[in-house]
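Below, each structure is written out as structure tokens.
Across the two complexes that follow, chain A remains constant while its partner is chain B and subsequently chain C.
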Partner chain A sequence: MEPVARVRAQTPETGSPTRIALRRLRRDPTALLCAGTVLFFVLVAVFAPLLAALAGQDPLTHHFELIDDGTSLPLVGMTPEHWFGVEPRLGRDLFARWAFGARPSLLVAAVATTVSTLVGVTVGLVAGFVGGRVDRVLSWLVDLVLSLPYLLFAIATPATLMAVVGLTPDDAEPSVVSEIRFYSLIIVLSTFGWAGLARLIRGEVLSLREREFIAAARVLGVPTRRVLTRELLPNLVAPIVVSVSMALPGYVVAEAGLTFLGVGLTEPTPSWGVTIASAVSAYESVPHYLWIPVLSVTALVLALSLLGDAVRDAFDPKTRR
Partner chain B sequence: MKRWKRTVAVVAAAALGTAGCGVRTPPSATPQASAPSDIDIQTNSIDPDATGPAREVPGARQGGVLTVYGQNPPDTFDPTDIYFVDSNEIGKLLFRTPTQFDVRAGKPVLVPDLTDVGKVSDDKLTWTFTFKGGRYEDGNDIRVEDLAYAIKRSFAHDIYRNGPTYQLTYFKDGKKYKGPYRDGEDYAGVQTRGDKLIIKLDKPFADLPFYLSFPMFTPIPKASDSKQEYKNRPLATGPYRFESFTPGSELNLTRNPNWAPETDPVRHQYVDGWRFRWGADPVKTQKQVLASNGEDANAVDYANVDASVLAEATGARSAQLVKGDSPCSIGVQIDSRKVPLAVRRAIAKAYPYDQVRKASGLTDVSAERSSTILPPSVPGFARYTPVEDLDGTGTGDPEGARALLREADAEGFALSWYYDNQQPLTQQVSQVRADALEQAGFTVKPIGVSSAELRAKKSDYDAPVNMGQSPGGWCSDWPTGGSWFPVLFRTQSIGEGQSWGMLGEKKLDKKINKLAKLPAEESEEKWAALDEEIMKKYVFLPHYYDKTAIVAGSNVGGCEADPTMGMPFLPTMFLKK
Partner chain C sequence: MASAVAVVVATLLISFVLFFVAPRDPVGAVCGAKCPPERAAEIAASLHLDDPVPSQFGQYAWGIVAGRTITSGGTTVECAVPCLGYSYKLGQPVTALIADAAPVTFSIVLGAALVYLVVGVANGVVAARRRGSALDRLTVGGTLVLSSVPYFVVALVFALYVAGRVLPPSQYTSPLASPLGWASGLLAAWITLGLVNAAAYTRYSRASMIEALGEDFVRTARGKGISERRVVYRHALRAALGPVTTIFGIDLAAQLTGAIFTERIFGLPGLGTLTLNAFAQNDMPVIMGSVLVGAVLLVTLNLAVDLMYTVLDPRVRLG
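What follows is the complex of A and B.
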């Protein structure tokens, strides 16, 4: 990769691994472009209400006057009032729905990544470092989770969760159902996401704990917790960052995919997956209805993935000479 | 004809939560693809003198195999058990019945088939049909006793659960007789004498000759009656017979050499065989048929055309779009037991017809706005000046409705209905309706239920809802008011689970009973007057008359709408080359 070559030509880098990595990232145009794209979507999500207000629209208001009586298709395309046009049948503003739709994607991905990373790292650290019976139990748990059928759980969890909170499909409002689906997405993605990372971290820890600096710390009587957080964790930053950078785009896709399949978010919550699912049938008549959310998901996932690649390269000691 | 709804997916009807009988299908391909803007009125005419052979269809030729695509496979071909539009239409190729419908200039005309169209006694309780003869596919002669046996067989409703049930209500001792398997063949309601088939009734049933066009009345020789097995290999009397049948996916028919064209005034035997294929994605098959590449030029798809396919059926291809009527009327009912008249008026005043229509994704091709109970395809239909606020159009008048509510001292009246909370479309439609009614000062509580439960919930008349119960639409069993009003608006309709508005008015019952006794020609106009009278009770918010539109391959000829089924009329179809 071009930037790496440039780095190589320079004098050996100094500073903590994180500092070095950041410095390298700043010099990587791909990484910067991707970071910019991700930042753009994050800002869109954060300021969705502002953006919608700027356009003078909101994601839930129907504009039936813009819908053709004979075909139920929109009468308008992209207009100064409706920047992305309106939805067929219901006439909801597509720009507002797009802006608000970025929220669940990013939120689900961010929360699921955070949770699965925290759990995965903790379990991996403990299992790898403590060893013995604890390791066996935790490893068994990891194997169990990895062997569970992910899709089946994704489909079953919303219903189970409804029952847990004491709701039947009979008395649940669509908005409540959608909220429950939101949490169930996070739960499912987090539940299935931590195990891989935990196994990875455990392996790293197993090799690290035999090193001299760990032995030294132990001999000096440093408490286990401190050994874990101060000695081991900093050496695990690279695998963790890599794992996160791969998990984020994966969860964005998973959210959109599960929603498209009908087990994710539901109406009336604006979400790209929901929009894509309903836009498929209207593709011939209103192509941009489908294209905008599809391109957005693609751009976001691509940017996150490439950014992840760059981050991994930046943290990789082998490219650091 | 409520049960027919399963036949074909009725997206729009389901969207309204109506799902009455969602028949949909299409018709008429001929070049007179004129503007089917308004649904034509079926003339309830009977032509007792029609004789075979059927008049030739212009341009028709022999040969070829026609492919028919459908979405949901019929679950039975036992003639006694058939109550779906698609299997009923296919039955027209297989089963000759005492009477049958011809389609003349788009209108159904009842004509003789195996018997004449019948004579009724002075007390209206005994019908006599004269048998004309015919042969089964195995070459054996049909006996008039076989006709009688088939009718008796239909009383074994515990075995043939899905079939129509008018005979249980109208025929003599219909409630007591349980069919030949349990009660033997000695049944007072159906007798034979020489070449006469005699049907005795408990109460007058003027529409009986129409009823006798159902596949249920096709002859079945007792010796061949394999009960539950019969549905997989029924004995044919029509121009085609089973070649092979794979339940759930495909059916192949081949020519029946023992069908005698000279005795059949309607059916033809133009193609060599039929291939019915079920289960493929309808949008996909419709696009194939429209493109008409290779074998698909010889195909039709009987599911109502999808909007995305419709957009492609322009220019030269528009001739492949076969449009026509269906016998259905769709809307939302209000429970008159729980909602007083003044409040019902307010609901109608506030009702967002336009928004609901758009949110349901209805198109002019699939649905014509309605303002009556009867659809235009029923003779006697009159497009009278719509009752105020029951015109199926408009965005609702919340202020006016609020005023009406205040007048009735019922502000905040609670309204509740079931909707399918697993389908985005039905959720959205329910929401649109709720918004409008809430704006008018109602307290609105839609109850979401799963798709699987929806039908049962809506059919429960004791459920805690006061709007939108089942049926949300109805289809003619035959084209007279007699298959509508007696079924839907009598007190007993509530007990039978097929009521619109849960009306329990003795006076109305009497009126309907009286009209039901009249011969079809005399009752036509009176049904229409009754239509308006019932509409004024504000128990039914009319949405649309179902219409049908299907695609036919470029090589398919003679494809016309069967307005009694809302399907393509199979007996006249042929391949152009």
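What follows is the complex of A and C.
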């Protein structure tokens, strides 16, 4: 490998693909703006209790005194006490619900991305490297998962999970239901998320395993596990990073969307999807009730996807200038 | 072909295990927590829930190809072929419920397909011909942003602020009863689903068209003195449409099982709405039936796309 590195040293871009990509990202204004937006929402989610305390509110307290008895609409707009106003009917503070609502989106997306990436990379590595019957079984599994109707399973899974733990929606505590739904979201998104990455990694491994450095490692008697983790994995950083950066916005949308449909998180958990679903009925009288979570989820997803595109371009050798 | 059948059988097994083996109390899952004991006993007997699991699965699978009888509230219901189970909540066979909802979903998806194919391909061709111009950059940038915005947000904004104001209110009327009512009621949903998907089709057809315009046969056609219009629309476009057709087939299959957001947001009683309502009422047999029908639909359509592709492109042979 040494002589190659020395030849490369004369071209303007040097270092590992990861280092080149990072340098390119630092010079990309769109990527920086998007990274800033994502960081903002991550900070809001992490410091949600602090922000709510700063505003002197919490997401669960009802303020019936601020609600009109007849129309059940709020009597106040955005005030120094309630920065984003209060919810119709129950009068819960919307700023606190917005700050806490950032949490499930990011948490579900982060956990689902981690699980599906770990499973996808492992399956892809094993299928591509071991080959034979193992590869046939794993590839069939990938094809099976990719040909199932994901949205219908996203509806069926929480229903089944409730039945598996022996609960029915009629008699279960709302907070227990919401917790089960949280796990069901992660199960569904991870189950349907790993297959695409596994197929990608398998293809990469199939071409990499015929290369000389792998043959050399095997001749030297390096154990298979070490070949997989030390020789193959470092060469797969680019496809993995790109796939993660594309998966994250998808999972944020999936969480908000499924929650909006009523098959994701439920009351009393604060979540943007829950707020959007209940704000639809009051969109004319209290527009900011709908628009704040809608714009937040849109901004977060837009920033994540444009950042994903920038990451993909930064890792793409064809766009090297 | 064999793999398509394997996927259907696997889905049948998965859905059976999910709904009858995994739950602690399958009768409760079908009938609800406040199920009277005599009704629970009736359901258990009717669905043979006391039999061994493989025998239960055999009866369920046999019901799909040969039909079965189900007892509900003392009356015996003939569940005709293909029997996907019986909704004890709605008092109807699942097959009938799905048959009622399917035309709505098909109407939404096919109408939207017309919108995005026409708008997307037209945009893509224009952008490809003026590659690098301000119009092209605007189209590419616009489609990129539009396809990054969550679909349910776009649909929601359309449903709240456009349908019922600019466009006729959204509703479903059978095309047999009133073709005009059918079209006007679905117009808002068609335009929403159509325009959002048109963004992706603009990009596909632009890329495909740019490639086709650079081919030798296009240069030859121009060299022969054929008019530019004829070169673009007869020679290049025909070659560029191949890849777009494949993506269209796959998308169509995915949308038939995934038009749930459109149906819910525009209040149209299709398969997605049926499944969501079943979820809200914990109506397990309906959810199970929808999952199965969705999987079969997806597999069949994907197989049809593969077969179509061999017809469109004689170089491709199915392995």
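Following the convention adopted for this analysis, the second predicted complex is superposed on the first by the 308 of 321 C-alpha atoms of A that agree within 3 Å, B and C clash if a C-alpha of one lies under 4 Å from a C-alpha of the other, contacts with A are read in each partner's own complex, and residues count from 1 in each chain.
One rule holds for everything that comes next: contacts are C-beta pairs under 8 Å (C-beta built on N, C-alpha and C of every residue); 3 or more make two chains touch, one makes a residue touch a chain.
What you see is a predicted model; the values in this text were computed from it and never measured.
Superposition model on chain A: chain B and chain C are shown accommodated side by side without a clash. Of the two partner chains, chain B is the only one that A:Asp69 touches; chain C does not reach it.
In the superposition on chain A, A:Leu306 contacts chain C only, with no contact to chain B. In the superposed pair of complexes, A:Thr298 makes contact with chain C only, with no contact to chain B.
With both structures placed on the common chain, the touch criterion links A:Gly166 to chain C but leaves chain B unconnected.
Of the two partner chains, neither chain B nor chain C is touched by A:Tyr183. Once the two complexes are laid over each other on the shared chain, residue contacts for A:Phe40 go to neither chain B nor chain C.
When the shared chain is aligned, chain B comes close enough to touch A:Thr266, but chain C does not.
Touch criterion met: A:Trp140 reaches chain C, while chain B stays clear of it. Once chain A of one complex is fitted onto chain A of the other, the partner contacts of A:Pro174 are limited to chain B, with no touch recorded for chain C.
For chain A, the partner that touches more of its residues is C, with chain B and chain C as the two candidates. Between chain B and chain C, the smallest C-alpha to C-alpha distance in the superposed model amounts to 5 Å. Under the contact criterion defined above, the residues of chain A that touch both chain B in one complex and chain C in the other are 169-171, 262, 283. Residues 306-308, 311-312, 354-355, 357-364, 395, 421-422, 424-425, 427-428, 431-432, 435, 447-450, 453 of chain B are the ones touching chain A in the complex.
Against chain C, the residues of chain A that register as touching in their complex are 140, 143-144, 147-153, 155-160, 162-166, 168-171, 249, 253, 256-257, 260-263, 276, 280, 283, 290, 294, 297-298, 301-302, 305-306, 309.
Touching chain B in their complex are the following residues of chain A: 62, 64, 67, 69-73, 88-91, 169-174, 177, 262, 266-268, 274, 277-278, 281-285.
Residues 3, 6-7, 10-11, 15, 18-19, 22-26, 28-29, 32-34, 144-145, 148-153, 156-157, 160, 257-258, 260-261, 264, 272, 275-276, 279-280, 282, 284, 287-288, 290-291, 294-295, 297-299, 302 of chain C are the ones touching chain A in the complex.
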